[in-house]
Amino acid sequence: MTIGARTLRGAVGVAGFLAAAEAAIRTGLLDARLLPPPSVVLREAALLPADPVFTAGLTGTVSRWLGGLALAIALAVPLGVLLGSLPGVERATRPLLEFLRPIPSVALIPLAILLVPDDFLMKVSVIVYASLWPILINTVYGLREVDPLAKDSLRAFGFGRASVLLRVSLPSTAPFIVTGVRLSAGIALVLAVSAELLAGGAEGLGVFVIRAGSGNRTDLMLAAVLWAGLGGMACNAALVAAERRVFRWHHLRSGVAS
Amino acid sequence: MTIGARTLRGAVGVAGFLAAAEAAIRTGLLDARLLPPPSVVLREAALLPADPVFTAGLTGTVSRWLGGLALAIALAVPLGVLLGSLPGVERATRPLLEFLRPIPSVALIPLAILLVPDDFLMKVSVIVYASLWPILINTVYGLREVDPLAKDSLRAFGFGRASVLLRVSLPSTAPFIVTGVRLSAGIALVLAVSAELLAGGAEGLGVFVIRAGSGNRTDLMLAAVLWAGLGGMACNAALVAAERRVFRWHHLRSGVAS
Amino acid sequence: MLKVDNLAHAYGSHHVLDGVDLTVGDGELVSVVGPSGCGKSTLLRSIAGLVRPAAGQVLINGVPVAQTPDDLAVVFQDYSRSLFPWMSAAANVALPLRRKGLSRRERRDAARAALEQVGLGGAAGKYPFEMSGGMQQRVAIARALAFRPALLLMDEPFASVDAQTREELEDLLLAVRATHNMSILLITHDIDESVYVGDRVVVLTRAPARVVQDLAVDLPFPRDQIATRELEAFVRLRAEVGKLVRGRPVDKESQ
Amino acid sequence: MLKVDNLAHAYGSHHVLDGVDLTVGDGELVSVVGPSGCGKSTLLRSIAGLVRPAAGQVLINGVPVAQTPDDLAVVFQDYSRSLFPWMSAAANVALPLRRKGLSRRERRDAARAALEQVGLGGAAGKYPFEMSGGMQQRVAIARALAFRPALLLMDEPFASVDAQTREELEDLLLAVRATHNMSILLITHDIDESVYVGDRVVVLTRAPARVVQDLAVDLPFPRDQIATRELEAFVRLRAEVGKLVRGRPVDKESQ
Amino acid sequence: GGGSTDSMKAAANNGLEKTKLKVGAIPIPDPAALYIANTKGFFKEEGLTIEPVTIQGGAVAVNSLKSEILDISQTNYVSTFSAVSKGEKLKLIADAYQAGPNTFVLMVPKNSPIQTPADLKGKTIAVNTFNNIGTLAVTATLKVAGLTKDDVTFKEFQFPQMAAALTTGQVDAAWMTEPFITVTQSDLGTRKLVDTMSGQTANFPIAGWMTTEEFAKNNPKTLAAFQRALARGQEIAAKDRKEVEAIVPTYTSIKKETAAVITLGTFPTTLNETRLQRVADLMAEYGILTGKLDVTTLLAPQPAATP
């Protein structure tokens, strides 16, 4: 399937979804006074890029999102590799990590505000905290799935632990790490917006949503959320494209088999 | 390593972490006015089970958490299997899913309130929405990783798509699905608390946290958060134990090789 | 039973099969030999419906097969990856028998019996990764035999077992074939073996593969590892197959 | 070069090696034969430092090995899983050469040359899953040869290739050994092969494995596929190894 | 007044400790004066640069002040007094907003059987936050009808979600403020049940500006400059509704049309301790504060009248 056809199919899917929602509202299945129909939201969304407040907010949110995601990757992959390749360390730290993981970052925001006296860093650290886990856990478990014989093959040539990790375990785990990154990207975006919603800020998508909310402008709020969705979609598309290039063998093999 | 030894090691890890935090605060490395020392938090946490407001809140939150998680599993695994085994459908729906995924559940709460006019169900649906993704995505990608030859082996005996899925693809993907469930369990708990923080309600851990947070009781807040962490830890331990039983072969194989 | 009609296949621009014709009669055992990489496994996968050939067709009992034919069993060349690592040897062998509508008990008994036949009665409870290469390969053979298919496709099934076990398995194959009237297509690199077990030996050229020769093996039954191999006809056939396989100089670049 | 001293190993309660003694001299090629599941692969893995034996020791040039010895290459029995699926054949072969401190270009050239030697000059760019079983196995051989190890361990390296290729590879092995003075331990199920390539043939019992016999092969060099195999000494040795392998009745239950 | 030369002089003369201030404000009409003063350049003239930061509520703002993410923040008095009673060290800088008639009302669905506050017995009421102005005002209103807060159930909903909660029957009544009152009235036909800002709560002080004790101590001159400029904005807001209508849509999402019709409270020009003490006393009466709180200790020094 060409890229064009794929885009088309995707667009049809999204359009279908929106049309269904529109129909539900227009036919009174959902109360139009409480929920603006997609057509209205789409119109508002189309107008938003002309609003400097919105674009400044979007830029800010995206920079914190991507910054946080980058930091999460930079922390979680090495940590995951460490834990995945040293089962003893993994077992010893597991309770601590599993204790930290379900702590809601949202609940930590008041604390984060106290501890990190810089708005940007505060939000980024909340994002990092929440989006670390999928990468970390997928890395640890992906490493466990590596075929032992593949590792032995390189060890037999006298390569040390580090080389085996770098040249066998990591490449073979890479698809799962990327899946973790894709999950984390979504979570990071959710947190980028949520942190702004809770902590406020000079600009940001979440700040925009606060304003829309206190102005009773559900249409504007959903329009902003729509842009968040588009941002997530774009990021994911980029990751999938990267995946396709880097793991060409993987797609080839699956393709041949199916 | 016996279960006892494992528990001990874990306890040592957590204790070390707490001791380090305590030391940092006592020596003035961290500002005691900003962050109460762990000893204080622990004492508060120990007292909490005696507080009926807290226990009612905990019960409510845990029931919504586990209910949401169960529903997320029940939805995401079949959906993931569907998308993972029908690449055409997957490609067509991917943009829609990737559009929906990064939409902050926080932003969806207004919608949820409107669509689900029941507090319990509303919160559960927010939990489901957020915790669906790790299971879904890990399932889809796990299915892609299944060795094509393993599938062919069963197909050659005349087994249909459904049987191959059930008997080869699913068992071989199971470790990744469980990893997804573990991730989702954490996220579901985060959302169970966050939904209360954002949508309010009568009781819940989140409600407790808000009150403690707004009342300058960081110690109480952290004590409540500590219980959330403990809950997540317990759930994870249960999942890991189940994993160990079900995927015995997997642990044996890795154990033998390392 | 099986008729392969002018089958052709290419992976991308790489032509592998170039009009292969082949038949396996009811209850017949046909050996296929040919150089490494010539397309034997591809041929087998096409018959099993796992590869859709670019041209030509496969007929089973006169009916063209689109999907995997019914009542078929395959022993793959890459036996280790064709076993399910999360199942014991016995469970691996028993699994396909679900298609046969057997009860749990019947499946278990059939699996045990088949494992006994290949000399693995004591290893029924072992997981694949706990077994040696040759043991894994024998599990794959037992799985196919337990299924009692009408058509059995085997891709170098004895490559990883020692000489004596190999001979035992060859004789087992002949015995099973005789008892259950299976039709068998056996791909092998061992020229002696191709003649010893075969009713016919089909020799393929290097890729893109075509049939060079379809030789009838007129050796008496029952065959015997020592007596049959000493027959003059055996020695002659073996030499002939050997010459046919070596027939053309192998163009190494194209493999 | 290599000295295996009273090596014993068990997987859980299952005893596999029971005091194996073995030596491979400098530049010597020793064949090992034995029944399927007797512990040959376990022996090889112990020598390579991938399995820590329960008792006994492995000495290389007199020094006991704890980890993987330096300057070693292994061709695994399960070749398909020992290749890295994300790399082309050439990249797979070139990878271990990083240990040798070769430049990128040198690695690439060495990989190409080794692939040529095993008849895969044209398949350098293919991924493992795009190759036939025999081709994959030859990539694994090329990878080991390109490394030019002092000690080469091979576990049924020619099991998946056709008769002619097999003979070519046997001769290649002898040639490489002669040129680079490698010491080689070759596990094989083919009795003819064990004699044809070996300086000595070591015969193992069924599990738990012990050495039944360590036979010197006093056939002249250079060996020749037709002439050597016609020698009376060859026929005698081959029969002797055959008899030793079959020596005891195989207790099927215990495998 | 003065031009840019004046402002430079002011900065030099006053020796401001800090010239850039991050000020938290909620996107509702209450902090209008801040934006008016900023747009009109009053802060510039004092040598200050203001960065308005949108916040959602006062609770996190206290933390933001403590960690100096914010220097000054809007707050509501009830929250501030609660926080102070629990040990937070805060100072009130200026008043911002005071309730007027019909600025905070209880709304019920169009055809609700609830006709008087007495009908609320046993019903569920939506408020934006527990133990805050909402519960306080509603409890005071219930008292008039002979009910206590134990006769009703409070549920937390954010203002934007109250309309949905009302229509879907999750609550029987909702405590709303502008612009939600106007919008739900016109869109959904909801009905005003009772004005909660009357009697005990008539002209109730709602919002003001706060900072930490520490900041107030270390930056007296800056704070005075801020107060002066803000007071000029507040004068305008207090006198001229048109100015408020014009500024509100610039920092909120309230539409111009809506801003023109919503009911507004008043913008007090002085920070009056007697009025504020009323809030603390009422809180004590209804159990939101456990003891008496003397608000005079919380007031930052007030600047001399604007020159």
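The letters A, B, C, D and E name the chains in turn, as written, and every chain counts its residues from 1.
Rule of thumb we're sticking to: a contact is a pair of C-beta atoms (placed from the backbone, for glycine too) under 8 Å apart; a residue touches a chain by one contact, two chains touch by 3 or more.
Keep in mind it's a predicted model, so treat the numbers as computed, not measured.
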Labels of chains that are neighbours to subunit D and to subunit E: A
Other chains in touch with both subunit B and subunit C: none
Chain located farthest away, centre of subunit D as origin (C-alpha): E
Turn needed to bring subunit A onto subunit B - CA fit, degrees, nearest 5: 180
Same-site or different-site touching of subunit C by its copy subunit D, using the half cut: same
CA centroid of subunit A to CA centroid of subunit B, Å: 16
Whole-Å gap between the CA centroids of subunit C and subunit E: 84
Whole-Å separation of chain centres (CA-atom averages), subunit A against subunit C: 49
For subunit C paired with subunit D, centre-to-centre distance based on mean C-alpha positions, whole Å: 26
Contacts with 2+ other chains: residues of subunit A: 31, 34, 110-111, 114-115, 149, 152, 197-198, 213, 218, 221, 250, 253, 256
Multi-chain contact sites of subunit E, meaning residues that touch two or more partners: 59, 66-67, 158, 160, 164
In subunit D, residues with contacts to at least two other chains: 11, 78, 81, 130
Chain pairs that touch, as defined at the top of this document: A-B, A-D, A-E, B-C, B-E, C-D
Subunit D to subunit C touching residues, read off their complex: 11, 33-37, 39-41, 77-78, 80-81, 116, 119-123, 130-135, 138, 155-156, 159-166, 189-191, 242, 245-246, 250, 252-255
Sites on subunit D touched by subunit A in the complex: 45, 48-50, 68-74, 76, 78, 81-87, 95-96, 98-99, 127, 129-130, 147, 153
Subunit A-facing residues of subunit E, complex: 22, 24, 26-28, 51-56, 59-61, 63-64, 66-69, 158-160, 163-164, 167, 179-180, 183, 187-188, 251-255, 258
Of all residues in subunit A, those that touch subunit B in their complex: 1, 6-7, 9-14, 17, 30-31, 34-35, 87, 91-96, 98-108, 110-111, 114-115, 130, 133-134, 137-138, 141, 144-145, 148-149, 151-152, 175-176, 179, 182-183, 185-187, 189-191, 193-194, 197-198, 209, 213, 218, 221, 225, 228-233, 235-237, 240, 250, 253-254, 256-258
Subunit E residues within the subunit B interface of the complex: 59, 62, 66-67, 79, 82-83, 86-88, 129-131, 153, 155-158, 160-161, 164-165, 168-170
